[in-house]
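Each of the two complexes below includes chain A, the first together with chain B, the second together with chain C.
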Partner chain A sequence: MLKPITLHQAGSQVTEELRACIGCNECLLACPALTEPITIDVLNMQTFSEPISSPVARFARSCYQCGACVDPCPVGLHRDAMMMWLKVRLLRSGQGK
Partner chain B sequence: MSISQRNWKRVQYEKGYPWLFFYAGRAWGIGLLVTIIVVGVAGAFYMWYWQSGNDAAPDSIAGYGYAIAGTLCFLLAATLYTARRHSNKRTMGRLNTALNWHVFFAIMGTVFVFMHSFGNFYAKTGTYALYGLVALLVSGFVGRILDHLVPRLIAGEVDTILSTQGEDRIESISRNLMPGDRNDPRGRQEHAFEADGQGMSTPWDMAYVSLESTSREIAHHHKGGDFTYVSQSHKLHDTHDPLRTGMLAHPGELMSQVEDTVVELHLVQGAIRREQFYRYVIRYWRLLHIALALLAVGLIIWHLVYVAQLLIPTVFHRA
Partner chain C sequence: MQSYSSVVARTQDQRYQGSADIVIVGNGIAGLTAAVEARRLAPDMRIVMITEQCHPTINTPALKQFATGKLEREQLLAYPVGTERSQRIQVLHGRVEEINAQSKYVCLQGGGYIGYGVLLLATGSTANGLPENLPGRDFDGVLTLHRLQNYLDLRRRLNEVDEVAVVGGGLHAIETVTSLLHMGIQTHWFIRRKTCLSRVMDQRASAVVMKHIEKAGARIHCETEVVGIVGSVGTVAGVVTTYNQLISCQLVLVCTGTRPVTTLAEHCTLPMMYERDRGIFVNNQLRTSVPGIYAAGDVAAINNPQTGVHEIRAQWYAAVVQGCSAAAIMTGQHPSTVPPFGVPWHATRIGELAMLTVGNPLGRAEGSITLADSNKGTYRRLSLLDDRLIGYISLGTARSDGLAIKRLIDEGHSIRALKEPLLKGTFDGRKYFSQQHSTTVIAMTTGGNTSPLHSLYHSPAAPGTMVESMLVALPSSSAGSQSRKLLSYDRKRGH
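== the complex of A and B ==
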């Protein structure tokens, strides 16, 4: 049985999930889009607020929202939604928003 | 390059999300090089074999060789990525490398199968199996293109759905429609999300429950034992009363505001529908690829059974 499609999350929900992340790296280990090692703390920081470094930006653009990162999370977080938030931040930064 | 918390500030920062981007890592380069060499060597042998007057047929020695090589490549393409995905020895980036090899083995396998045919495309089992493999390869390539473009489309829709502060626009529109809450600073603060990260308005503790009163409070006006629900707007001395603020004195202005709100709501709802559709495209294209893989396996088995029916009597007759 296929799981229902999860849509985007609002910023406040993403913030709560980022705070709840225990940093186990399971999501990154399960990711088929990740080409270079990135630490979860850097990814979390840049997802939320900091300027986006080149490796994190490359990872965010390469992420194709397959959802492989969601099932391995031991605390049930939605890394795909966080990556979408990062994508939107990248998009808006390019538009000067 | 690994970025640790210590040195990440030294790395370059990036902005923007272009439609077309391509990141070729070292593993991708090695895979491409190996594919070019293998296909090049196989192609050179094919040309030599064809021009030297040998028996250029699918059931020749070279034909069987290409068939075996193609089958091995497809087996590797099918099993390598799945095995790596379920392996306990996982490191970051290895799944991506396995995915690259999945693509390269599929390309090599298809080229070998084309060479195995030696240009014989009669309406027989082998040709149907070849068509199945080509359809599988094409679906894989289209899938990779969709994987690049569709998340960018989703990001564009989410950009419409969320406000600049990261708030759900439907929620903010709905809140604006409620007269009492329109200028409630507390309501806005609860949903505030600073895009530049300067302010994290909600506490880190997930179990935190605010003891502050919400925008709509239940006041215990004990009038004859009844509990009366009192809106925040009533507490603000009816400052948003349309009759007092003059909103009904200018109905045209009010109507244009309502129309703007309805247009905005339609815009956001359309974006949500498109986001959902794009997510279904990503999911179901993957399922289509798996279905085509199963179809191709079925056609190959049919072809192998057909070939076995031809070969086994010949072999036993010779023996």
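== the complex of A and C ==
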């Protein structure tokens, strides 16, 4: 049976979650794919509106959606959904490969 | 309307420092968010932000992680370095002393003044601290935790202390106690009342929190106040309690709440509605009672849709959302584009314990009922009015999707089928709303109508054209079946 599911949250929900991010960095500390010093302020900005820089693009490509970032969030946000949104932005901008 | 002669007179005045379309007082998260968002919406407007702070906007909720060494200073920045410059936001370091609301300018300390088209007050809050007459409050080692400087001070000291006293019964105190325990520091926690978090939690929830913190190693002193601080050669040596106990410690950390900085409401040439402890009163578009002046963040008292009372929401998310909304209104966007603020919510983590409060969990609305479930150190409480959720408390190791639960309340969803997962902490907001959203998308594509749900949450910042749901094959066993077994929860009518 075919069931509709959401592969990533709606843009408006991702915006809401970005607004609720308190910048504690716990998600990045838990991430096994992060190999460069990317700060949460830069990641948040580029997830939604700013041009995507090379380090953030590399990070988005290397994210394999393991979900390790979700549980440590003290505010209960879905960084995995934000990363998926970033990945889609990356693809749309032609930097996905 | 200003006369030509007054404008000429102003521009010839040496103290006149120009004017801006938007002047923002305060560079906290509400102020800078408003400035950045206003720039996005109005590329040509002149934006000036005036601040007394000697540092850029920081993530204040992350200050405890900074104090305990988990974060470096650079990681505290709320926006990337140079944002103000890249966004052409002029930052003035100074203090605004008065607002001339008739002629639309603000007076700066030292005699200068700046004209404004619209003015946003984002002056934040100040810490209550200890009583003025408390003996020993001036000893070195008594720190009121509120600003970056306080946490810089704390960070330098933490490696040299064995015992710390924390004063206060709110979330700020709890998070401080937890951070200290995480560092292996012996911590005494002083609470004036019998329970902690008495404004947002019932006694059972409070007991769960306190038991958790006690288990982590804190010495909790309930119904106990610090009546004096003992020193040794100018530094803290201990505290004296209401029970005449002397408890040894090298640091006293004061977390006794905050109050809004309403000074500019007092120093405005037109009467502005405010109360010193309750903030500057604003409507749903963040307008104060004075034309052309708005307020956002910890200083703004907004209407709680559930209680009808104007109150401050001194929380990060609320400040960000208010900053965005203020920018939209100040740049002339139609008020309908500004989503309502809805009910308050707050989420945090206390060690392994995830804590969430949404809406009005302790409310006593007529006809409301309360459902509660507690088991092995977890606790959840639902306040319901008919089939609608009006308040929610969750404590447990599993985190809850707070924003999704807030949305259930804001949009008035029937939770008839969701009571059990909400009580058990298994409510999957993502799944629930994806199903809702899929329905919306189908309705939009087949009927051409945008549902109220979509328009309420649609953000102009969203790319918007993305296909958000796909059809994929799922095994029938995972098709969202919910257990229907009966729960043994307390049910109290009228509470």
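Note that in this section the second predicted complex is superposed on the first by the 87 of 97 C-alpha atoms of A that agree within 3 Å, B and C clash if a C-alpha of one lies under 4 Å from a C-alpha of the other, contacts with A are read in each partner's own complex, and residues count from 1 in each chain.
The rule is simple: a contact is a pair of C-beta atoms (placed from the backbone, for glycine too) under 8 Å apart; a residue touches a chain by one contact, two chains touch by 3 or more.
All values derive from a computational prediction rather than experimental measurement.
Look at A:G11: by the touch rule set out above, it reaches both chain B and chain C. By the document's definition of touching, both partners, chain B and chain C, reach A:D41. In the superposed model, A:H78 lies in contact with chain C only, and not with chain B.
Of the two partner chains placed by the overlay, only chain B lies in contact with A:P51; chain C stays clear of it. More residues of chain A are in touch with B than with the other of chain B and chain C.
Once the two complexes are laid over each other on the shared chain, residue contacts for A:R61 go to chain B alone; chain C is not touched.
The contact surfaces that chain B and chain C form on chain A in the two complexes overlap at residues 2, 5, 7-8, 10-12, 14-16, 19-20, 25, 29, 39, 41-42, 48-49, 88-89, 92.
Chain C contributes residues 40, 59, 61-62, 65, 70-71, 74-80, 316-317, 320-321, 324, 347-349, 354, 356, 399-403, 430-431, 433-435, 437-438, 457-459, 461-464, 466, 468-474, 476, 479-480 to its touches with chain A in the complex. Per the touch definition, chain A reaches chain B in the complex via residues 2, 5, 7-8, 10-12, 14-16, 19-20, 25, 28-39, 41-42, 48-58, 60-66, 84-85, 87-94, 97. Only residues 1-5, 8, 11-18, 21, 23, 25, 27-28, 85, 90-93, 95-96, 98-99, 147-148, 150-152, 154-156, 158-159, 161-162, 164-168, 171, 191-198, 200, 202, 204, 206, 272, 275-276, 279-280, 282-283, 286 of chain B touch chain A when the two sit together in their complex. Contact residues of chain A toward chain C in the complex are 1-17, 19-20, 22-26, 29, 39-42, 45, 48-49, 71, 73-78, 81, 88-89, 92.
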